[in-house]
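Once you've had a glance at the structure underneath, I'll fire off some questions.
Letters A, B, C and D mark the chains as written, and numbering starts fresh at 1 in each.
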Amino acid sequence: MLIVLDAKASIASVKQIQSFLKDHGIESQAHSDLYSQTIVAPNASKKFTISELESFEDVVRAVPITSPYKYASIQGVNAPTVIDIGSIKIGDGSLCIVGGPCAVESKEQLFNIARYVAESGVKLFRAGAYKPRTSPYAFQGLGLEGLALLEKVKKEFSLNIVTECLDNMTFDEVEEVADLIQIGARNMQNFSLLKRAGRSTKPILLKRGNSASLNEWLLAAEYILSEGNSRVILCERGIRTWSDHSRNTLDLSVIPAARKLTHLPIFVDPSHAVGRRDSVLPCARGAVAIGADGLLIETHCQPEQALSDGSQALLQSDFIDLVDQCREIHKLLQGKTTLHLGF
Amino acid sequence: MLIVLDAKASIASVKQIQSFLKDHGIESQAHSDLYSQTIVAPNASKKFTISELESFEDVVRAVPITSPYKYASIQGVNAPTVIDIGSIKIGDGSLCIVGGPCAVESKEQLFNIARYVAESGVKLFRAGAYKPRTSPYAFQGLGLEGLALLEKVKKEFSLNIVTECLDNMTFDEVEEVADLIQIGARNMQNFSLLKRAGRSTKPILLKRGNSASLNEWLLAAEYILSEGNSRVILCERGIRTWSDHSRNTLDLSVIPAARKLTHLPIFVDPSHAVGRRDSVLPCARGAVAIGADGLLIETHCQPEQALSDGSQALLQSDFIDLVDQCREIHKLLQGKTTLHLGF
Amino acid sequence: MLIVLDAKASIASVKQIQSFLKDHGIESQAHSDLYSQTIVAPNASKKFTISELESFEDVVRAVPITSPYKYASIQGVNAPTVIDIGSIKIGDGSLCIVGGPCAVESKEQLFNIARYVAESGVKLFRAGAYKPRTSPYAFQGLGLEGLALLEKVKKEFSLNIVTECLDNMTFDEVEEVADLIQIGARNMQNFSLLKRAGRSTKPILLKRGNSASLNEWLLAAEYILSEGNSRVILCERGIRTWSDHSRNTLDLSVIPAARKLTHLPIFVDPSHAVGRRDSVLPCARGAVAIGADGLLIETHCQPEQALSDGSQALLQSDFIDLVDQCREIHKLLQGKTTLHLGF
Amino acid sequence: MLIVLDAKASIASVKQIQSFLKDHGIESQAHSDLYSQTIVAPNASKKFTISELESFEDVVRAVPITSPYKYASIQGVNAPTVIDIGSIKIGDGSLCIVGGPCAVESKEQLFNIARYVAESGVKLFRAGAYKPRTSPYAFQGLGLEGLALLEKVKKEFSLNIVTECLDNMTFDEVEEVADLIQIGARNMQNFSLLKRAGRSTKPILLKRGNSASLNEWLLAAEYILSEGNSRVILCERGIRTWSDHSRNTLDLSVIPAARKLTHLPIFVDPSHAVGRRDSVLPCARGAVAIGADGLLIETHCQPEQALSDGSQALLQSDFIDLVDQCREIHKLLQGKTTLHLGF
């Protein structure tokens, strides 16, 4: 942390801060000239927030100079993280598409969808057995019964399962079935859940909270990584802004920005971001062109009968079209110069 | 829900939606004239979201016409909810101030602060034993040891304790000590925690999520209320916007807006909202003048030594001053015409 | 407009609104059933805002049912608008790239950049002679002298000139030199300027205000179109949100949303949106893949010497690379099924 | 500006930046230790933006250390600015209330409203002759005819007139009638208009843009002040956020934040901020309690007949009630300790 003091700050103020830092085990150095006084304290950001340091008298500003996360940071890392799920590699430069409905509704629904998802060559299947719903009166998912149906899909269609875990109480049962455990946007700062995910044997798909800064998102990943689970995939799914033409605002430019800071793979979920079927294909293409490692796409055999989020689910034919177009764009861009990689 | 269809929508489209609704147990009525076609389905909002209904062909818009929450709603309620904590009444038109430090740090710190809080006539004491922190490396609270210290404060100073619960695993132990259990902004949509809170014997202080709409906030309260716990206090603590002069943007106008919709008491936490000591007093005064039922104020005997959020904690003298000024404004406004009450 | 009244609203309330509308020349029809009462008034949105109608007693909600703009709307239009600038066509399915520095600084700077822009096959050159600057003390552009230099670039390199007009006083002189007149984000609701632009003989590039909804943006275009100038290009350049990894948040999903509502061409300016050189290439690729008709790209021969916005300007080699990659993506997507076009 | 470089930055990088600064007339000093390298350049912020300085190689961050505005800044100023309008003083610790309708509609309407506004003891009357409207088809104001009617109100009721100017073309005519010229939120960065206002003989009420940071607002004021007009009043009127219970989000905490930076008086316009009649009184009370120097309140004799913004206009009786309550709160707080004043 770089602590900027008022040019007229007394030596006593400077010394007070330095001795406070020392009491907490942090070495620092002071500089001054005619116009400014600064204290450089490289490890202070690990113990104190900016506002805590700015609470001292005469402090004008505290500025982070080192990364607040260790495991999520690109610093000292030589290559992007690659995550294996079955025979699939994620983060190695390939494009990973995940398809399926919002929620598990019935065996028939699941099998109908899984069939065409598998036929399209997609290897990961998504569907929620536990659904976080804004209203206590909305459909909350089939729970254990839903997990059992996902287990059947896995065997019947050789698909890997991506499904959400909502809390620590149901973590074990989700972990048993899922090949990739999703932590949803609303739980991005559910720290107890993040710690449990950090002790999981399965990789974690960590969705960005709808008001989370990039820094907060990487710190949420750090909660998982620092507990020992190194297999984390980030997933952008739209942020909450005043812009009202789509449900959330898809923040695609977070991808190049994140590349500069982290080695973790980044997915995009255009379905939840926009919440409108007709925008999913163009946004998916944009996500691939901008450099996403993967996509989460909602598809449903009968969107108008879906128990949740039917308005954003693609029909079978549109899903196939999306998969094809995205693969073509991805193929075209292989080997192109990219300015945005930190490596 | 009022479902607006394209003026050129076919009768078949209208019939399809009506029979879909009927399959889910919802009666509806259709109207049409030269310029529009509409379907009125009063209970559809309990089963379907707006976007689900907008996913049907020819649907232009779906508009809620009834409240999506039942227990939190002012409809059919004759008086504001009043909550008793010890000898204190909350929501009866009086002003309830809660004071204390951000976190429990030590017995000495706690007693020093509790002493002047109690002397000021404040009856509720706040301090966190479990702290939700953005970084896994920041101070996470003293946990059980912190709860034990709060128990001591309670006995020594006859103060009621307000403290945060972060997860279901520690709910029982927090419930034993707390007189009012806080659910923090990051957990406003941690639905498992809300359900557990709904089965608690203690009242709940539900902070607004930093990107939660008023509707989502009331639906989070509904999760608690619908499980049987009728004692919920809402607490505005700032929302995340691009405005950068304060940590969050204190959304005080949510108070009159909420009064029109709900009978629950509403508190304001100016300390977390602004994150700057010098703005806490004016914002607290504003909150009282706008009609808040209570305030959460951070105060610390030695803010520059605080382990978290020191920059927003008031010194003893400023805290006393704030309590006095807020009480005077509150007293002045007793009995004034207020346009904003739903009652 | 569809006006929803309380189910218990009196007939008098309904009649009062209908006669008020009639006084202002608007015919309406009323419907009622057990659960709701509604008034359908198709042209009310042209005279009244939503909140004006919601101010009547017993009105629960007013909902627009027709488009508030006429000339900008896709309704009744059979094909996208195509705009000719010299030999270039914009909006016909081709990709139009505009390159150049933020500001005109000197003849040498301009010619150096124009040379490689022209060599890359780009036909439109951008540079500001008048610069809107947040601070009165920042470089405000060379003004008339800058326009004269742009005139020279036009002749020397056969490039079409895109340059910004800030106010009505300088409109004539900008109009003389520019082939495409830019109205910047800060001026999107400078209605006097929009009306003047509506009487111009030159096409207008209308940037989206940094807090403008899609609806407000199209209404700003309507100001120009309704004065008689049918040649308007929309340009997304990022919106202001709390997300802090880029200067603004590039809202790419506005493109498919706009396609559903308007026939006007849409450009994207990734340089101003992100404000970071390393994100410009990926975001430009994303914009093309999502369906933009054109791009505005900042490039500078010596970014570190630029008098404004040097941090986002691409070096020559990166600019050439961007042009090549974007053209390849655009070519690949020719003829692909797109779900998002209104036509 | 404090420029933070990578700890591994070469001496050449440091020297390059220093010589670049010197070329532009800015002296700087460099510091380095094991963990950081910094350049202190006190006046760089007057010539370069943060992102321009961050575009140099090896620069990690540029941090302002001095204020970017001179005349608007509290630095070196000993007392708040007090502005005289007729016999009224603004900014001297008194409370200034401005009342009136959104727009001039007719002589009858204006006189009816002016009568009770004057009787309430309010000395400033507001009404727009020129109205900025999102849609070209909405009522745009009576223009010159409206100004003539305001002139009549002024004489008949001895009220001072506050009215908006939209552009440079109509500035002279507005200036002749107005005692306080309003620049609206949409024009906050209409720099030509700001410069003209800076040469006016009348004081200026500068509304905050709906997406303007405090810094940008003060820089907009600086445009006026630096042209020679020292009489500027700031006016908070709500900002655009995703929070949807009110039209805009009233950002009251900007008042104490602004007090720390500027000596200019600050008003609040709760009517436009919330856009709902029932929230205006509580928000006005909040504004006074938080420390506003004045209020802009919309009132109308027949809100349901208003040609614009009727939904937020107060009835006569509610207006009188508001004036009374706000004066009582203001009186109560006279002489109270306030932490938030920069003086």
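Throughout what follows, a residue touches a chain if its C-beta (ideal position, glycine included) is under 8 Å from a C-beta of that chain, and two chains touch if they have at least 3 such contacts.
The shown structure was predicted, so the numbers you read here are calculated from the model rather than taken from an experiment.
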item	value
B-C compared against A-C, more contacting pairs	A-C
Identity of the chain that, by mean CA position, is farthest from subunit A	D
Rounded Å distance between subunit B and subunit C, as computed from the means of their C-alpha atoms	39
CA centroid of subunit C to CA centroid of subunit D, Å	27
Length of the line joining the C-alpha centres of subunit A and subunit C, rounded to whole Å	31
Subunit A, residues touching no fewer than two other chains	211, 240-242, 276-277
Subunit C partner contacts - residues on subunit D that touch it in the complex	20, 46-47, 49, 51-52, 54-57, 68-69, 132-139, 166-169, 186-187, 189-193, 209-211, 216, 219, 222-223, 226, 240, 247, 275-277, 303-306, 308-313
In the complex with subunit C, residue positions of subunit B that touch it	2, 4, 7, 29, 31, 33-36, 38, 40, 42, 60-61, 63, 65, 240-242
Contacting residues of subunit B [partner subunit D, same complex]	211, 213-215, 239, 241-246, 249-258, 260, 270, 273-274, 276-283, 285-291, 318, 321, 325, 328-329, 332-333, 336-340
